[in-house]
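Naming follows writing order (A, B, C, D and E), and every chain is counted from residue 1.
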Amino acid sequence: MKMQINSVVSPASREVVSRKAELKREALKLRARNLSLQLAVFVVLTGSWQFLSSNKIIDPFFFSSPFDIVKHIWTWAVNGTTAGPLWLQFWVTFEETILSFILGGVFGIIFGYALGVNELLSVILGPYIKMINAIPRVVLVPIFILWFGLGMPSKVASGLVLTFFIVFFNAFQGVREVDRNLVNNARLLGASKGQLARHVIIPSALTWILSSLHSSFGFALIGAVVGEFIGATHGLGYLIAQSQGAFDTTGVFAGMLILSVTALIADWGVSKLEKRFIAWRYVRK
Amino acid sequence: MKMQINSVVSPASREVVSRKAELKREALKLRARNLSLQLAVFVVLTGSWQFLSSNKIIDPFFFSSPFDIVKHIWTWAVNGTTAGPLWLQFWVTFEETILSFILGGVFGIIFGYALGVNELLSVILGPYIKMINAIPRVVLVPIFILWFGLGMPSKVASGLVLTFFIVFFNAFQGVREVDRNLVNNARLLGASKGQLARHVIIPSALTWILSSLHSSFGFALIGAVVGEFIGATHGLGYLIAQSQGAFDTTGVFAGMLILSVTALIADWGVSKLEKRFIAWRYVRK
Amino acid sequence: MSALETVYQANTQTEPAMIELKGISKEFVKPSGDVHSVLQGINLQIPKGEFVSIVGPTGCGKSTTLSLIAGFEPPTQGKVYISGQKLEGTNQRAACVFQTENAFPWKTVMDNVSLGLRLRGKNKAEANDEARKWIARVGLKDFEGHYPSQLSGGMRKRVALAQCLIVQPEILLMDEPFSALDVHTRHLMEDELLRIWEETSASVFFITHDLEEAIALSDRVIVLTAGPGARVKGDYRIDLPRPRNVAEISFDPAFMRIHQQIWQDLRDEVIISYENANKFSS
Amino acid sequence: MSALETVYQANTQTEPAMIELKGISKEFVKPSGDVHSVLQGINLQIPKGEFVSIVGPTGCGKSTTLSLIAGFEPPTQGKVYISGQKLEGTNQRAACVFQTENAFPWKTVMDNVSLGLRLRGKNKAEANDEARKWIARVGLKDFEGHYPSQLSGGMRKRVALAQCLIVQPEILLMDEPFSALDVHTRHLMEDELLRIWEETSASVFFITHDLEEAIALSDRVIVLTAGPGARVKGDYRIDLPRPRNVAEISFDPAFMRIHQQIWQDLRDEVIISYENANKFSS
Amino acid sequence: APSSSSNNSSTTKPRVVIMVGGLEKIIYMPFMLAQQLGYYDKYGVNVSLVEESAGQDAEVAMLAGQTDGAGGFYDHTLDLATKGKQVEAVVTMADVPGETLMVSNRLKDKVKTISDLKGLKIGITGLGSSTNMLATYNVVKGGGKESDYSPIPVGAGATLIAAMKNGKIDAAVTSEPTASILQNQDIAYTLVDMNHKAAAHQALGGGYASTSLYMTNDYVNAHKDTVQKLVDAYVATLKWMSTHTPEQIAAKMPSDYYAGNQSLYVQALKGQLSMFTTDGKMPAGVPQNVQKILSSFKPAVKKVDLSKTYTNEFVDKANQ
């Protein structure tokens, strides 16, 4: 039906097609430029690192070098680590991270929503949440081990208490930023509390929530890794702690590199989510 | 001049005065209700903790008890700690925290602003920032000690790398959320880049930035404390680490309590700041 | 205040008025901390099925009155009754076209318009079918999939209109719904509104700054005085026959007479308003 | 398209026109991925000091045209010239009253109005003095310390007006600036606008949906066709003598004749527009 | 005998920063005790003790030049030597590890000797720590490989006890007071005693130098005078320790170190005092033994030049 209009009043559809192809070409060109720029920065950074390290201008004992790091990861990948194959370590950490990310996100949103909507609740619980947020997670990890044991739950808990707060504070503020007029309108149109949340408050707070998810995946990773420093048999945190214990800087960097790349991939996922859920923000360029 | 209007067309100013007093009374009543509710929750929580602990339903070795914790703080305050008077420990940590909070906040805002405004910059630097955000701070602390030594700078750096990211991500998003119409309007009115930032972008992103400050003070505290776990001679982190090493749960809790209360006070400060800087949001009640 | 004032007496003693404002005052705290009185001692009854327009100088308190009836804010003094019951919280029997746009930016035109039905539990297909009709009625058939940000100002206003009318409320609150439309579209919409109103016999509270529009549509036109502390200055019954053709009614001599009469009142207030604002120089 | 079309020829060959649109088309990508053509082949010259109004059915592309002249968006095809120079980025010589409100919510009325001067480097005291005058001119003297959220819709529009006029730009872009005002205030503002325009000889690009207003104010009235793919349908010179009294000019026989003539054009387009929108049913 | 420079005025005292992997731990007691006894002052050094509680960072900080010395286990010097970093122990405060290999009571019937350790989950304080090495050594000695057991970092104290109680670990290498608590609460029994001299020497085939102060060779060579003073202070401390009762020693320590439970602290002290040397000297044969133990699962350690990893030069002078 929409094609019809075009053929009646718009320029001929052939032109439309060519225009669309042009738009696509431009988008591709932009993409290529960005990628090459990122690559250039990457090459310069790692190149100078490698150079400084190879020439002992910086001490490889402390700083390792990109080449060694990649080689180390390669060795891990091919020969496996002391704790088993590399993919298993990755998978263990990833699983913990994803779980704590999801749980932390869900709880963060629920609490943020509840406290943002209900002033009484925010008065009562607010101070406690803020207080807990100031407690070093490293101190909490032993307590989690006491409560949840050495397995995955304690690592998830440790990631959760990092993720939760970031999502919570943003969700809370996002809920409070909702346009009063829109809330009023929905109420008049007959929205119940749940419907209000679904149709107005959550969509409106979504930018806030999604923004917090960008930083919180990184924090979920950190939480899982810190949890693995104490009481773990597998995982990237275990590998890093082990390398640290053996004065193996290259191993530490290798572990961190894997973590970083994971975070990057997850962030890309969050961005996709963002594009999908707040599509309406992107229509006007 | 405004009083004049009131005396001419508004109800008599005596009525106005009484109405204002009434508003104040109501605000006070609300305050009192909130305080008493908070107190009630507090009493219930600590009361049951104390009860469970005194009756050995939970093991005081693992969980301590509110009474012991307060007593422990009292002893610290009166007799001093192994590292000197308590206020000094507090002050050391507080100083580190405030510094990393301010620096992390400032850098976060600057980078968030720069990357939010400049798409090229965000394409180039964005991935690196996200990668660094996934690196456990506990692993970074030794590196900071390498770079900055054992003194305050390494602790500040460790707090900074937590605070920075939270503020950064929010500032970045806040900048991107600015109403295009307002930007256009300011541009037409002749705003230079700097003026645009000052008059439009920063004020508009301020809710985002301030919201991130709520959670980031807690994180700055954590950073400082984690920094103190490794290589410190003073500070609350030192006390906590020491207590942990000496299997003194009460000491650990005592340290955490002091941290929490500090965070609460700082949060109150941020709220004041918030009220001040985004006063315009509070005018319509 | 005005010699021409004609007070309209509601003849509906049998059942309580749909909307009743009793001794309403509304005050705001000004930035300086002083109290700014917007409305003062407003008494108003709107029976079921009546179409009431409210006019007055800009900034006199029309939108404020509407928000009191909608229950968005409580009055400082006095009470609002809906069908004899004291209004607490949002008015569940009303729907509203806001002065500023109020379409949900994250919903397409279709979802915006069908929202009211969906909230009332209609299933998606049915709600969409119904919404499609209303979208056509406001002339946006081709824009169902657009987001509000992709529409022109006048189109967004029409989305709001459809969104509000589709739920067929007992009380219709409209704050300058047609001010962003060209004359022709406006007439079409006005006719549409009258038709719907006649079908549903809702009570309409209609704010406009266009006196001709007010007279052409209404059973009653209420004039507010200039603020601060606005009161009801005049309350005029419009006895023009229905159904009316809004595009042509303004040439009717009866219309002109009424217009002339109300305009006197209104103009005085507008002038007072403008003078008031600039009287107290610093 | 219209037999009555009278094409106005700019007689300013000596210097380039203040605003020139050359072969402008503007397209948007629709949610469905299709291309939606809003403007198509628009050619327009506005000499320095001319007051041009633009009318057309709602949603035809008036605001879009304005945003092209302001430089908010680039045209898909064609070029915009300002004083003969190709426009890149924001138009630094223009000021604009937007269709939607555009006062800065975090600034008081005073700060909003004085902003333009402050940005141009005036010191605070001077800027405030100047702003005070303009606030009085738009009748908001008593609201200097208020934030936009504390004002009524009409008041906010007037803040935007003062904000834009205070910088005395060479090009004034106004998108339905008076649509939220009552008739009297509107006339006052219109008179004010004309006075300022005569003083400063700015080029004015004035969007309105009120044809009477367009004629009363302008040197030229341009009618756009119904969208999609709007073109210039008519370009009328208004040769009524100046200075004009906007409140009374509509009773002038010459005015009525012109009105009649343009209205024919406009009405046709509005009807087409409404039919267009509902023609393609699914 | 105290060296002659002991009456230097405090203004010219050299400043030394020493980072210790847990100042409050009994195995590192001499560092704090020397301060409490005023010996640093007495022998003319201005020492600032830095707490470090996570991993191997003390050594790294020292190598980076952020601290002058590190208090840690001697075995780390060999480890670092394989990474090309030369550090040497200037005073050896203990010649047994002070650790105990405890096995959960659940396995009382199954685990009787170290050859039964294969396949167990053994709790250690941290990966790469000395407890980790000792656990590995025992497994290897029992005929297994390094990969035949799972080392689980559980720290010490509450987390370890809880992990043992919940059956998350089957055994643990731990020091006092955790070992005593495990024993007293009937959670675990001692399999290998590496705490009391005789038992430890038997288990490890000789001495195993643990608590020591080490510094980079470069630092030692450049600051001989300062190092001497420092060593004087520690030797005096060790002497003092060998002539006083656990109660007397405990009374000297900061109260935070036994917060709330002095008797537990004294009990732990009693259990561990025997590990300390009385003269700070590296006993003959001990470095070779450590090398032998480590190289059983870390072949690289075999090539380390032992003479560069410790020195008795200063201790000998201090004992004169």
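As a working rule, a residue touches a chain if its C-beta (ideal position, glycine included) is under 8 Å from a C-beta of that chain, and two chains touch if they have at least 3 such contacts.
Source: prediction; values computed, not measured.
Any chain that touches subunit A and also touches subunit D is listed here: B, C. The minimum number of touch steps separating subunit A from subunit C is 1. The greatest centre-to-centre distance from subunit D, using averaged C-alpha positions, is reached by E.
Taking each chain's centre as the mean of its C-alpha atoms, subunit B lies 46 Å from subunit C.
As a whole-number value, the distance joining the C-alpha centres of subunit C and subunit D reads 27 Å. Distance between chain centres (mean CA atoms), subunit D to subunit E: 83 Å.
Residue positions 54-55, 57, 60, 64, 158, 162 of subunit E each touch two or more of the other chains.
Looking at subunit D, one finds that residues 30-32, 100, 142, 147, 150, 276, 280-281 touch two or more other chains. Contacts with at least two other chains are made by residues 2, 5, 62, 138, 142, 146, 180, 229, 244, 283-284 of subunit A. Residues of subunit B that touch subunit A in their complex: 34, 37-38, 41, 62, 120, 123-124, 127-128, 130-139, 142-143, 146, 165-166, 168-170, 172-173, 177, 180, 207-208, 211-212, 214-215, 217-219, 221-222, 225-226, 229, 237, 240, 244, 252, 256, 259-264, 267, 284.
Looking at the complex, you find that subunit B touches subunit D at residues 2, 5, 180-182, 184-192, 195, 199-200, 203-204, 206, 278, 280, 283-284.
Residues of subunit E that touch subunit A in their complex: 54-57, 59-60, 63-64, 79-80, 83-85, 121, 126-129, 132, 146-147, 150, 152-155, 158-159, 162-163, 166, 168-169.
Residues of subunit D that touch subunit C in their complex: 28, 30-32, 55-59, 61-63, 99-101, 108, 136, 139-143, 145-147, 150-155, 158, 175-176, 179-185, 188, 209-211, 266-267, 270-271, 273-274, 276-281.
Of all residues in subunit C, those touching subunit A in their complex are 70, 72, 90-92, 94-96, 98, 100, 102, 104-107, 115-116, 119-120, 142, 147, 149-150, 163, 167.
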